[in-house]
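Listed next: structures, encoded as structure tokens.
Next come two complexes, and both contain chain A; in the first it sits with chain B, in the second with chain C.
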Partner chain A sequence: MFAEFLQYLFSGVTIGATYALVALGFTLVYNASHVINFAQGEFLMIGGMSTVSLLAMGVPLPLAIAMAVALAAVLGVALHKLAIAPARKADVITLIIITIGASIFLRGLAQIIWGKEFHAMPSFSATESVNVLGAVMYTQSLWVLAVAGVLVLLLALFFTRTLMGKAILATSMNPGAARLMGIRTQFVLMLAFMLAAVLGAMAGIMVAPVTLTAYDIGIMLGLKGFVAAAIGGMGSGVGAVVGGLLLGIAEAMTAGYISSDYKDAVAFLLILVILFFMPRGLFGARVAERV
Partner chain B sequence: MVTKNRSPYRAVLLILLLICGMVAPAMAAEPIRIGALVSATGPASFLGDPELKTLEMYVERINASGGVIGRPLRLFHYDDGGNANEARNFANRLLRSDRVDLVIGGSTTGTTMAAVPLVERAGRPMISMAGALVITDPVRPWVFKTPQSDRMAAERVLADMQSRGITGIGLISGTDGFGRSGREQTLAVAADFGIQVLADQTYGPQDTDMTAQLTRIRNTPGVQAVFNFGFGQGPAIVTRNYAHLGIELPFYQSHGVASDRFLDLAGSAAEGVRLPASALLVPDALPDDDPQKQVVQDYKAAYEARWNVSVSTFGGYAYDALMLAVAAIEAAGSTEPEAVRSALEQIQGHVGVTGIFNMSPDDHNGLAPESFRLLEVRDGQWVLVD
Partner chain C sequence: MALRLPERVPGLPVLALVLLLLPLFLGNEFHLDIATQIALIAATVVGLNLLVGYGGQVSLGHAAFFGMGAYASAILTGTYGWTSIPALLCGALLVAVLAWTLGRPILRLKGHYLSMATLGMGIIIAIVINNEGWLTGGPDGLAVEPLTVLGAELSIFDHYSLLGLEVSGAMLWYGLAALLLLLAVWIAQNLVDSPIGRALRAVHGSEVAARVVGVDTSHYKLLIFVISAVYASVMGSFYAHYTGFITPQVASFEHSIELITMVVLGGMASTYGVILGAVLLMLLPQLLTDFQDYEMMMFGLILMLTMIFMPKGLLPTLSEAVRRLRPRPATTPASGQE
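On to the complex of A and B.
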């Protein structure tokens, strides 16, 4: 009985950690610009797919990961420079629509380059699973959790301890004042896109051995990441992590104890209930809009 | 001088006349108009793409060797992108403006069913390349199909379970059309084999983790084997989860994943998995006295030489559809629709890539469950079990 519960918990936490990383990517860009970057899921796909191709070319795993993350970072900067920056005078809504367009473009490109098939990536460790109190855990899950933990910690340090992190926060609070203080807000925004791309790519690479990867894997993972970010409160780092884990665990428990048919329904029910009682999400800033 | 000038002119004229004389008989024979409705792009392109390649290749080959009943074949093909509305439009165009003698397609059950009312009204034979039972059950006079139905796949698997003495199984299926239909067929016929479905779980086509469902199946008392009816990457993930959970029970997959792609995705987790599949997957493992061996080997070799990609089961459906059409037209001696239709219905012992077709007025598919070969994965390879 307990082993069963533990089994559901493990699969929930693994997928939840991925959602959390995607949600953090959303949070970063949202904080810097109030734009919801719907191309976030595509960075997962690019991370996973390029690592798979590089491995197939015989590149060793650590180098392949580094190259895939670098590629995603370049694409994140390109997304900002080529699609967002030229429209910087436009409404937030327009920018959001631009990111949707960019996501469709990236997906189409990936389909042409890599084809439509799913690809498998080997686990990072030789032993594929370990037994914990009667439940089985993927060693890859441990990798996902460890990397997610480290990334969250680094981000927290970045925002609280570095000038650049504080500049991003300042830009999110008041772009006009930040600019007057000498912060190059466009540069900050570009940095946010780059970091979001790196986070997305890392999530995509970590989770690929568990979920497999394909050109369209970003749609569902991106959407779930967005749900996680909304549950946690858009713009809150802690909220993104809690929202992601909560969503993953809720899904796994529903599939386990009720029926897998209702798994996605529960995820979306969760967002309805939480936003009904707490319109700004669990950890959203409780500030009133200035009128 | 004048005559000297004219003589080369005359020679040229003579040669031209000769060429015309040689070409004339071939030109005179009205081509047989074959319509093809395939999903060459879009979500079902993995079906339509090899199908179209196969049709193009074999129409070329048949024409090079003199055509059918002395007439060349002409292929009219449209890509419906897997969309039923498009399929309906293109079926209309095939029947009305291209005035085809026979339709091959569609690639999916949805596109096939969209075209069915049109071919029935126009009174032209149609040979579908889609799987579901509804296409030929109940029998429609003008509609035939080449792939085995999902019920046969379920029967093949259940029969193997029965022979291993299994009486209780867990079923896990995808919630896409293929998985749902397969689940219904399995539930409908399980009792015929003395097998009870004790656990019945599903997963969404985009799901990335099925350990929760498999844990439930494992904890259901009385489950002696697990059957996964699904399609795409889902079954590969189920197989990986199955291995990770360390479930020791026999594990079966459906024909939906019968391709080398599945072995790549599932990796070592696929060891010991059994599934029903077309003979095309194991052409060299077939015994020498197997009537299909030659056909399957020839098709595989020809396809791979022409397109330089590995052969797929789905292309085999198109090969069979075209060859059945050719056989029926030859038997009828004309392209008169009713004659071709009744010739199709009378085809007996036609050896194809998918199986041996024995059509009848009550059976417009003509295949037996035995046309599925039962394969097992051993050392990362398909091995013929039965």
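On to the complex of A and C.
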């Protein structure tokens, strides 16, 4: 009974940590530019898929991960430079359609390169699983949690201790004033897109051995990340992490105790209920609309 | 606002003329089939534009209403033996009640939270349709009875004699879809020019300012949400009868995105613009089939580039360009800025 619960909790926290990373990517880009980047999920796909390919070519794992992340970072910068920056004066909904166009483009490209089939990635450690209080814990889950933890910590340090991090925060609060203070806001925006791409790629690589990877996994993972970010309250870093974990655990519990058919509905039901009662999410800032 | 008038007075007759002459240029049944589907989807998008273009409220879940209409008609006529029109009306009523119930809490939300909530609502409905196979046939889809009107069955495979002329069922369906599109446009234009339309444009401009001058904004937003949902439901019903077979794809997130893309691509708050958006977005995959594997990539690229270079949408950008080309009439110095 307890072992069963623990089992669901393990898998929930594992996938939840992935959602948290995607949500952090959403939050970063949203804070810096107020754009909801629907292409965020595609970076998970690109990270996972290119690592699989590089491993198949005989590249050692750490190097393969580094190369895949670098590729995602370049694509993140390109997305900002080529698609978002030229249209910065457009409506919110126009920007949404542009990022959707970008995600369809990336998915189409991936389909040409890697085909439509699922790809498997071996677990990072030789031991596949360990037994914890009667529940099976995959060592890959520990990898996901450790890497997610380290990334969140690094991000927190980046925003509180470095000038660059503070420049991003300043730009998100007031771009005009930030520019007057000598912050190159266009560079800051580019950096935010790059960091979001890196976070996405890392999440995609870490979770690939658990869930398999394919050209179209980005849609659902991206949407769930968006939900996690909105649960926490758009723009809140703590909210993104809490939202991600909450969503992952809720999904795993539903799949285990209620119905695995409705696993994907949990995220969307949760967000509707939360928004009905707290229109700005759990940790969202109360802002007055400027007229 | 005065600029709107000259554009829309001749619009409806021109659209009617285009729809009337179009079959002469359509070479075969396949082209006629695509034209019929486009007309039905375009009518849906005209309804969605009322919400998004005029009301300024984003919906990323509108395909769910289209899907509910389609499935209501399919299930009520197929499983329960109803005739088409009562089934269609029942579906529309169901959708109206659902949109009204969900719309109240959803439309209180703003910006990205509104996108999120409509997206969530749409996906949940799509998942239910997908999972409740005993009722909907599940992922395998559901066959739909042909449309019956006053006891007569309208099937695309039959031939009918109309005023002594031999007409194919496919051609009759095209005529019906064209009429529905004209009706959709006519209703939409009247709504836009009514007090409802004026209130909505005020909401789009600034919701707070609209409320300050005494517009009951939440009432009008809810009203237009329900109206656009009913548009989608009715067209979904006709679409189901026309294609004769539906899958959960009609209610999916991807379909919702297609619908809203048609609005934004064609030009928000431009009724003829969004029709153009529907035409182009539905023709594009047909044109891109030659590219086979590259189809998806090309589609994404074209979508991205159009929106980057024409952020206001195709028709507004084109008409702006035409206006610039035309020599400007002499204006008083005070009205130099438009």
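We adopt the following convention: the second predicted complex is superposed on the first by the 290 of 291 C-alpha atoms of A that agree within 3 Å, B and C clash if a C-alpha of one lies under 4 Å from a C-alpha of the other, contacts with A are read in each partner's own complex, and residues count from 1 in each chain.
Operating definition for what follows: a residue touches a chain if its C-beta (ideal position, glycine included) is under 8 Å from a C-beta of that chain, and two chains touch if they have at least 3 such contacts.
Remember, it's a predicted structure, so these values are computed and weren't measured experimentally.
**Student:** Give one word, clash or fit, describing how chain B and chain C relate on chain A after superposing.
**Tutor:** On the shared chain A, the partners fit.
**Student:** I'd like to know which partner A:109 touches here: chain B for first, chain C for second, both or neither.
**Tutor:** second
**Student:** First (chain B), second (chain C), both or neither: which does A:179 touch?
**Tutor:** The answer is neither, since A:179 touches no partner chain.
**Student:** Which partner does A:262 contact after superposing on A: first (chain B), second (chain C), both, neither?
**Tutor:** A:262 contacts chain C only, not chain B.
**Student:** After the superposition on A, what does A:15 contact: first (chain B), second (chain C), both or neither?
**Tutor:** Only chain B; A:15 stays clear of chain C.
**Student:** Between chain B (first) and chain C (second), which does A:166 come into contact with in this model arrangement: first, second, both, or neither?
**Tutor:** neither
**Student:** More chain A residues touched by chain B or by chain C?
**Tutor:** Counting residues of chain A touched by each partner, the higher count goes to C.
**Student:** Minimum Cα separation, chain B versus chain C, post-superposition (Å)?
**Tutor:** When the complexes share the chain A frame, the smallest chain B-chain C C-alpha distance is 5 Å.
**Student:** I'd like to check the shared interface: which positions of chain A are touched by both chain B and chain C across the two complexes?
**Tutor:** Residues 219, 261, 264, which sit in both footprints.
**Student:** So in the complex, the part of chain A that touches chain C is made up of which residues?
**Tutor:** 30, 36, 83, 86-87, 89-94, 96-98, 100-109, 111-112, 219, 223, 226-227, 230, 234, 261-262, 264-265, 267-269, 271-272, 275-276, 279-281, 289, 291
**Student:** Using the touch definition up top, name the residues of chain A that touch chain B in the complex.
**Tutor:** Those residues of chain A that touch chain B are 4, 7-8, 10-11, 14-15, 116-120, 122, 128-129, 136, 138, 207, 210-212, 214, 217, 219-221, 252-253, 255-256, 259-261, 263-264.
**Student:** Give the list of chain B residues in touch with chain A in this complex.
**Tutor:** The contact residues of chain B facing chain A are 45-46, 175, 201-204, 206-213, 215-216, 219, 232-233, 236-237, 243-246, 261, 264-267.
**Student:** For a test of understanding, state which residues of chain C touch chain A in their complex under the given definition.
**Tutor:** Chain C residues touching chain A: 52, 58, 105-106, 108-113, 115-117, 119-121, 123-124, 127-128, 131, 206-209, 253, 257, 260-261, 264-265, 268, 293-305, 307-309, 311.
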